[in-house]
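As structure tokens, here come the structures.
Look for subunit A in each of the two complexes below; its partner is subunit B in the first and subunit C in the second.
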Partner chain A sequence: MFPIDQYAWTHRWRGHHPAERAVLAGGMLLIAITAPPLATAPLVVLAMAGATVAGAGVPLAAWLRVMTIPAGFLLLSLPFLAVSLDLTDGVALTVSAAGAWLAVAVGLRSLAAVSALAFLTLTTPVAELVPWLRRVGVPQAVVEIALLIYRLLFILADCADATRHAQEARLGYSTTRRGIRSLGLLAGTLLTRALARTRRLEIGLAARGFEGELRVLASERTLSRPRLAAVAALLFTVAALGLTLDRALH
Partner chain B sequence: MHIMEGFLPPLHAAAWTVVAIPFLVVGARRITRITNEHPRTKLLLASAGAFAFVLSALKIPSVTGSCSHPTGTGLGSILFGPPVMAVLGAIVLLFQALLLAHGGLTTLGANIVSMAIVGPWVAYGCFRLTRPLGLGIAVFLAAMLGDLATYLVTATQLALAFPDPVSGFPGALAKFGGVFALTQVPLAVIEGLLTVVVVNLLTEFSRDELSELGFNRRVADDGGATLAPIQSPTS
Partner chain C sequence: MTAPILDAQGLNYAYPGGVAALRGMNLSVQRGRRLALLGSNGCGKTTLLLHLNGTLRPGAGQVLIDGQPAGYDRASLAAWRGRVGLVLQEPDDQLFSATVYQDVSFGPLNQGLSEPDARERVREALAALDIAELAERATHLLSFGQKKRVAIAGVLAMQPQVLILDEPTAGLDAPGVTQLKAALERLQARGTTLVFSTHDVDLAYAWADDVAILGEGRLLRQGGTVATLADADLLAAAQLNTPTILTLAAALREPGRPWPGGQPPRTAEDLVACLGERHDPGRF
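Here is the complex of A and B:
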């Protein structure tokens, strides 16, 4: 159902401490949105593609698939940045050089940021990222709920998939009108099922002495100093090279 | 309507995050209080959140043939109440970014404001106002207007970030708003109809579950004097 999650658990760097990847992705994201995009963005995309495919060993096809949807969305939305609406004399559409440059800059910045996000999502499972929300002050109860959501949503997604197949096989989506009805039935059934499952989960947990705290076993992994140093060096190189290139371009 | 990763300038991304925080703090405090009193509501809220995530990943049968997903803001705020929906919506948006690369981390604040705060509150207000007209009409209007409010906020966010070089903010708002009006209004109507089907089904077959969510109290015309639930996650 969620191919990203599958790669996040199975890539080559899964034995490393997740903080190393989070620092790399977060740093690149910061560079991507703050540095001048024209020179820096291609460097960020290159570095992140390299880290994802060559480093973590995620298949190139998987990386490309994650990148194509946002890229397609960018292609659709950027023309609206480039085109300006002139309201002074009736309604007129004009294309200005400033608008076109803005569109290119935003497109590059966004693409670079998405490549950093793609690296993070393809190499780090949600279950390893969510506990860090505690560090930024999110209450324990909310973090636990978020982790529970992560564990429950695959079951629910499977249920939704099966229902959808059954409905499609019975021509449930042959017309728009039927489609709306089928989808409504699907959503209603899904909620009922989710709540029924909750009740069973409650009974099961109560039988095991649940008192309000859910403990899960997390695998111990040590932070590697050489790898953190390499991450810092890569971040510094990309930022410095980007700024130098930008100065050369002007 | 997600704003994708990196699309907003850093200053705007930070500003929208700051706007979202008070709502999340209020919602999170409420959740902490409820779960301290009744630990089992944790499971209830988690399955509600998982439901919201899966709902937003379903494909809507679209008139134009393009692929689209329900926002679920209307249904969520009617079922769970807007303060709790703000937190659940924020978690769902975070998971969409991390599991589907849909939306983003830097634009999370802006997306939370449009989809987990303004949309649900507009839907809820609309629901309470139009409730005397009948449950079906109230649910339809709530879900549809909640969606439209979400799109309007997104268009405003984009217009503030990218004012038109010629006509400034109003021109940009007209531009982005026009695009959304063409593509999203039919979807909002469909989501309204869809939500009516869901609520009808639930009120017919799942009364107990709904009362567990505090739904009956929100739905009652008299503000819940007669239909007080035994235990509600939003009380």
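Here is the complex of A and C:
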């Protein structure tokens, strides 16, 4: 139903400590932003694609799908960086070499940064990041609401799917007008179901001693030294290779 | 006889809006037994169970825990829910966390256990239901049967003396029911008292130690499973069928002969065993 979420829960590196992936993605992000882009950015994209697809086992198609939206957005906006507007002598649009170079540099950097984030997105469920929020000072109540919304989202999406299928089976979407009416009914159903469900959830929570605080334990996962070493080695290699190539290019 | 571990006496309850769901309901839960609440849809099973852990407060009547009237203040309720665990019918109503491990840890933490103790409870509860390998899974990506067992584990982790389950087999396939029964039998062997509601007469007949027959918000009768479910008039009054195995066995028995083994067969295997002892081909 939400494919990204599904990959994030089921990929091959799921059992590893999430900090290992965070260090990898964070390191690559840092390299992408600071190192000279022409040589380094493609290396970062390559490394992150490799980690996502070959490493974590997320299908290439999923990675491409996550990459296309930001990439398309970049493609559309970068030409405006290359063009400069000169108002001193009427209105003049010029494409300067410096401008074009800037656009390419920004484009490459952004793509590399996006690939690092895509890796993290496809391998780490949102819900796993939420408990982190508490540690960086987000109020307990906000974190709890975020977790409950995450959980209810899937229940309601299931419910919406089932209701829509039932409506379709009875020709609820056979014309546009009927479709709009059916959609309205669906929204009403979802609201009442959501309310009823939260009431029952409350009963279930109270039965387990809920007194206003949703405290849970994350399972213990140990950081693996060999894997952290591999992450460091990969980061170092990409940075060093990028700098060497860059020197060769000039 | 010792005092029942839980005793409901003359409970009345009407939902807001006026539906009288319980009308003088009685029930006594004996320690260490497996008690089935049997009744047709809408007869008040769920409502009664919600009274047994203090979720609902009766309009009249009282609930006794070990012979002592239950209190409804915060501290009493917390202690009550530590002793009496309730598993809701619909697991999605109960599982609120993203992962199985997190969800099962919720109850023990609420009991004020330290982190290592809570982790030990989680480990034990997952092992007891044979779902240790689900610990890291997302709750929303589980099958219905898996969700059901996770929901039970979440309550079990609090180590209640009485485990109450609302329609535990509803929606499960045959292997799911078999696994669930095996897990509950292991719990009972370790001393947990089990109470479950069902409208499945065959399940109650084959598996419960005692049954309580409910009808229209009242207890019609409570007693040993075989004796109680042999009363056809009682079952008819509760709009329940006679257990299939019992109907078959009665049709196959030679009139007047005592049951082989002194009691009617309760399962298909029992029935087959009876047929092995027959004198007249086709009868026993």
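Here, the second predicted complex is superposed on the first by the 189 of 250 C-alpha atoms of A that agree within 3 Å, B and C clash if a C-alpha of one lies under 4 Å from a C-alpha of the other, contacts with A are read in each partner's own complex, and residues count from 1 in each chain.
Criterion: contacts are C-beta pairs under 8 Å (C-beta built on N, C-alpha and C of every residue); 3 or more make two chains touch, one makes a residue touch a chain.
Here the structure is a predicted model, which is why all the values come from computation and not from measurement.
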{"item": "Touched subunit A residues, subunit B compared with subunit C", "value": "B"}
{"item": "Partner chain(s) touched by A:Y150 [first = subunit B, second = subunit C, both, neither]", "value": "both"}
{"item": "Touching partner for A:R208 - first (subunit B), second (subunit C), both, neither", "value": "second"}
{"item": "Touched partner set for A:P36, first subunit B, second subunit C, both or neither", "value": "neither"}
{"item": "Partner chain in contact with A:L217 - subunit B first, subunit C second, else both or neither", "value": "second"}
{"item": "Touched partner set for A:R197, first subunit B, second subunit C, both or neither", "value": "both"}
{"item": "Which of subunit B and subunit C A:G57 touches, first, second, both or neither", "value": "neither"}
{"item": "On subunit A, positions contacted by subunit B and by subunit C", "value": "5, 148, 150, 155, 197, 201, 205-206, 210-211, 214"}
{"item": "Subunit A-facing residues of subunit C, complex", "value": "50, 53, 55, 74, 78, 81-82, 85-86, 88, 90, 92-99, 101-103, 105-107, 109-111, 115, 118-119, 122, 135-141, 154-155, 158"}
{"item": "Partner subunit A, residues of subunit B touching it in the complex", "value": "4-7, 9-10, 13, 28-29, 31-32, 35-36, 39-40, 42-51, 53-55, 57-58, 60-63, 70, 75, 79, 87, 91-92, 94-95, 97-102, 104-106, 162, 164-167, 170-172, 174-176, 179, 190, 193-198, 200-202, 205-206, 209, 212"}
{"item": "Of subunit A, residues touching subunit B in the complex", "value": "2, 4-5, 29, 32-34, 66, 69-70, 73-74, 80-81, 83-88, 94, 96, 98-99, 102, 106, 109-114, 116-118, 120-121, 126, 129, 138-142, 144-146, 148-150, 152-153, 155-157, 160, 164, 173, 176, 179-192, 194-198, 201-202, 205-206, 210-212, 214"}
{"item": "Residues of subunit A touching subunit C in the complex", "value": "5-6, 9-10, 14-15, 125, 127-128, 130, 147-148, 150-151, 154-155, 197, 200-201, 203-211, 214-220"}
